[in-house]
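What follows is a set of structures to go through.
Each of the next two complexes has subunit A plus one more chain, namely subunit B in the first and subunit C in the second.
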Partner chain A sequence: MMRALRLVVLAAGAVLVLFPFLFMISTSLKPQAEVFSAGLSMIPTHWSGWENYTKAFTRIPMGRILLNGLIVCAAIVAFQIVFALPAAYALAKLRFRGRELLFGIVLLGLLVPIHAISIPLYAAARTLGLLNTLAVLIVPFTLSVFAIFLFRQFIKAIPDDLILAARSDGLSEAAIVWRIILPNAWPAASAFAIFSVVAHWNDLYWPLIAISKTQLATPPLGLLFFRAAEAGDDYGALMAATVVITAPLVLFFLFAQRLFIEGMTMTGLKG
Partner chain B sequence: MPVSPMRARPKPASPGAIARALEARAAWRLVGPTAALMLVLLVLPTLAVLALSLTDAELGVPEINFLGLDAYADLLTDRTFRGALRNTALYVAMVAPASVLLGLGLALLIEAEVAGRAFFRSVYFLPVVSLVVAMASVWQYLMHPSIGPINLVLRLAGFAGVNWLGSSDNVLLALAVIGVWQALGFNMVLFLAGLTAIDRTLYAAAEMDGVRSAWDRFRIVTWPMLGPTTLFVITISVINAVKAFETVATLTQGGPAKASETLLWVIYQEGFVYLHVGSASAMAVVFIALCLFVLVIQTRVLDKQVHYG
Partner chain C sequence: MSEVAIHLHGIAKAFGATRVLEGIDLAVAPGEFIALVGPSGCGKSTLLRIAAGLEPPDAGRVLLDGRDVTALRAADRDMAMVFQSYALYPHLTARQNMALPLVMRRLGGAERLPFARLLPRVRTKLAAIGAEVRAAAEMLKIAPLLERKPAQMSGGQRQRVALGRALVRHPRAFLMDEPLSNLDAALRVHMRSEIVDLHRRAGVVTLYVTHDQEEALGMADRIAVMLGGRILQVAAPDTIYRDPAHVEVARFIGSPRINLLPAMVNAGGGAEVGGQVMAARIAAPVGSQVRLGIRPEHLRLDPQAGPGRLPVRLERIEFLGAEALVHCTADGLAEGLIAKMPPTAAEPLRFHAELHAAADDEALLVFDAMGARVARHPAGAAAREPAHAGQPHAS
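Moving on, here comes the complex of A and B:
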């Protein structure tokens, strides 16, 4: 009895949560007239999928926008790990003057959201002529104090013997970072990568500030441009565009659910 | 011939000192680039925001006046800013409790249920990985006053349709519904992680002590043991809600009649649309202070031992 109730509640909730996705897909296949005839039918009587999706790909350079998102997210994650991992290792395992100060800055940095410092970053990018480039979407995020913090916690738990053994085998400190620490810190690195991709694939604030050319838009900004280019309420085409833009990350998630959920949980709890 | 002063010869260093110096040098080679980046991308911009916040700087205007703390006093009387603070507070007051409680409820249901655990977990998590801007557009259609499915259902059930995003009375509620839908799954997986970490033997022990009902099990074991997780989820939910921007920028642009202007939205407008860099910086400092305040409260509560176990 309890169990039946529980399943009913869970299933009803699931339907509610999935509702927007179902309507998004269904509306993306409907012709304009049917969208406005105001019915609750999920199945279109006339199929206009081809038309709507063609609009989604032609009103804005959709392929280019998705590619921008991919390039930006990949570059950001790569730089973040390349900069954070060696620093995290040094903070966790090496003694040096300035270590406490540096770690103090990391902790303070965790408290400063990028939104708050976007004004000087924008001014700097403008002075350097970097606005409307892919670089400006990447550079401000190459440093992640959160990654440094997360990796440091993780590396602290790696036994010192492992590092001493590597050192006596003649490995340099840099080699230790990439050949010993990285494989051992892989769970933290992959968790962070997922967290970072989800955050930056979604980010609208900075692209909205730094980019005004459709060609350089990331997916969220691209969708804003699409909405602006769309006179009236062509919901069919708009929903087609949202399907296309939402699909990559959702598919990635569906193929790697465990990785996603465990990754987001780990970064969530440590953050 | 003058005798050249004896060159100070370094004391023969102990092997330990040499090793330490080498270690420090290796460490700096590793942290050097990151430290430089930290300076350029974090420390200097933060100092710049603090400095700019005390001025009336405008982008493209060479003249800058130093206002000092008056800049903040001006902010307190600024109607737009006060409105934004109020709207943000209301939004947080709706989204945070709802997404925390629903996340907890879902986690408890899923944890107790063997069938379809992975399935439900993934379904509820789906909004977390969906593009906010895109899903906001979908919600805009769902909430459309005349053709939106939500109002159609309401009308079928005999209620009047609601003007969700177009009325200044409802717009924050409408945005909050979207915010809760988006945040729910994340809170759920955090609670699930907290639940799995609870020692099973505690439940057995409670049962030996005569704790029988599900509610008592929750009250006596689960809730206290979940304390740190709950505190954490509340903190994250509040901070994320304070940062509400995407749905505002996509759907309402702060309207109607400024009713959905959130803190980040007015900072964006002030700084990047009107180019009032000075006052936008002051707002940004208040924004940082608010995030900091939430974290301080979290630490305070944590110090008071939320963990009774």
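Moving on, here comes the complex of A and C:
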């Protein structure tokens, strides 16, 4: 009885959350006339998916835009992990003067939103001649205080003995980070990768400021260009483009989620 | 080759305001098995980590075969550490766990890259490492487990892999930090003899930290008893047991615990407990407080009163199969007394509520108020001087 109730509530929640997505997919398959018809029907009477998706791929360089998103997100995640993991290891496991102060600064960094520093960032990028390059989309995000914080908490839970064993086995501190900490912090790294990729794939704010060329657009910015250039009121095509740029993220999430759960069920270090 | 393999010299260490180690001196002979034993928090694990190079001492030096290695990092000291938690790398198989120290030592940075495996030189080295890992695995009887990860192994199996990881390196010393504490009782006893056997075969100096006095007595060539950041006594197990230099050594070593009776030195140099003179020829000032230590197996219980016999009340008799423990209390004693004897001797006592405790004079250990062993004046029989090894206790 309780179980049935729980299922009903969960199902209702799922429908509520999924409805906009279903509506997006439905609209992307409808001809324009049907989009603006009075009734609300999820199943199109005339299928014009082919036309809509063709438009989405031809009116803007969709392949290039998806590739931009991929490069930017992959580079950001890779750099974030490369920079944050050693920092987090030092904050979690090494004893040095000023460690708590440094960690305090990291926590303070969590409070600074990108919007607060976007003007200095823009000025710096302009001075360095980085505007309208892919680099400008990557560089400001390579150092993530959130990643440092998250990894630090995770590494703190790794037993000290493991690190002492590694040291007496002849591993340098760098080798400990990459050979011991990284494989064991994999759940944290994949959880963080989900956060990071979702945030940067969907980011419109910074690309809008730093990029003005369609060729360099990330997916959300590309969508904006698509609407501005072409489909002012062609909602079918617009939704088709939206489906195309959302799909990789959904697929990535499903894939990473499996990894993530695998990571979480990885048994403990001892016991 | 000097006669001392590991020499810890004046080691001191404090964590903040807490002084963990205060001037530790310990010399370990080549091939020796030394147990560092003491209650938790006595600094024994810290001392082991300082020897390993995992923790820098505040003062003092660590000498390895006569060479000062105090400034050397752990990797360069060539000592292998075994941890209570095993500290196996969870993401690596047993084989990889055991091979890692060799890989780190023998392969250069570039040779450890994944594609370097294709180079013949690297392949030869890896093959040699593989053979050594297999040999160590055979020795420890873990060859069938080599492809398993730590999570797929039992505690005993993990312990063996951890020993294997230390063994493959052919280190200059084994440093073991309570390696058996996480195992169940039966396995612990079994692994004890395996470690001793392993030590004999490898012939390598072993420093073995434990809080289990029985483990120390059974395994070590010599025992260093630590308390409050100091070594109270270093001696062979039987000396430590028979001839403790300090009351805390006597209290810590031996199970059941030694009986301690507060006494006062009378004009004749005897120790008076509850009006009974129980020991003679004590080299301590008249009127000073001493404690008499009597091992449970030396405590005799008699229904008859007599000179030198302390009246006690029988509490209960605990049968342990081959022997029995007789628990008693006495007026003016905070702790009860325990006598160990054959069950046949204990059985008749059960009908007496009042008993009288005594011990042979030569079985009595006398300690002064500070806990130091008090000498006995020679008289007729040869008096034993307590064996003071390591550092003399300052008091």
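The criterion applied here is as follows: the second predicted complex is superposed on the first by the 232 of 271 C-alpha atoms of A that agree within 3 Å, B and C clash if a C-alpha of one lies under 4 Å from a C-alpha of the other, contacts with A are read in each partner's own complex, and residues count from 1 in each chain.
Please note the rule applied: a contact is a pair of C-beta atoms (placed from the backbone, for glycine too) under 8 Å apart; a residue touches a chain by one contact, two chains touch by 3 or more.
No experiment lies behind these values; they were computed from the predicted model shown.
Chemist: Identify the partner contact of A:Ile43: answer first if only subunit B is touched, second if only subunit C is, both if each is, neither if none is.
Modeler: It touches nothing on subunit B or subunit C.
Chemist: Is A:Ala14 contacted by the first partner subunit B, the second partner subunit C, both or neither?
Modeler: first
Chemist: After superposition on the shared chain, which partner residues are touched by A:Val198: those of subunit B (first), subunit C (second), both, or neither?
Modeler: So A:Val198 only meets subunit B here.
Chemist: Classify the contacts of A:Pro159 with the two partner chains as first (subunit B alone), second (subunit C alone), both, or neither.
Modeler: In the superposed model, A:Pro159 contacts subunit C only, not subunit B.
Chemist: Just subunit B (first), just subunit C (second), both, or neither: which does A:Leu111 touch?
Modeler: first
Chemist: Is A:Pro183 touching the first partner subunit B, the second partner subunit C, both, or neither of them?
Modeler: second
Chemist: Shared contact residues on subunit A, subunit B side and subunit C side combined as an intersection?
Modeler: Subunit A residues touching both partners: 172, 268-269.
Chemist: Using the touch definition up top, name the residues of subunit C that touch subunit A in the complex.
Modeler: Contact set of subunit C toward subunit A: 49, 52-54, 73-75, 77, 79-81, 83-91, 100-101, 104-105, 150-151, 165, 182.
Chemist: For subunit A, which residues are in contact with subunit C within the complex?
Modeler: 159, 161-162, 164-172, 175, 179-180, 183-184, 186, 266-270
Chemist: Under the touch definition given earlier, write down the residues of subunit B that touch subunit A in their complex.
Modeler: Going through subunit B, the ones touching subunit A are 20, 23-24, 26-31, 33-35, 37-38, 41-46, 48-49, 52, 59, 106, 109-110, 112-113, 115-116, 118, 120-135, 137-139, 141-142, 144, 146-147, 149, 152-153, 156, 181, 184-186, 189-190, 192-193, 214, 229, 232, 236, 243, 245-246, 249-250, 264, 267-268, 271-272, 277, 280-281, 284-285, 287-288, 291-292, 295.
Chemist: Can you tell me which positions in subunit A touch subunit B when the two form their complex?
Modeler: Spelled out, the residues of subunit A in touch with subunit B are 2-3, 6-7, 9-10, 13-14, 17-21, 23-24, 27, 35-36, 38-40, 83-84, 86-87, 89-91, 94-99, 102, 105-106, 109, 111-113, 115-124, 139-140, 142-143, 145, 148, 172-174, 177, 198, 201-202, 204-205, 208-209, 219-220, 223-224, 227, 233, 235, 238-239, 241-242, 245-246, 249-250, 252-254, 257, 260-261, 264-265, 268-269, 271.
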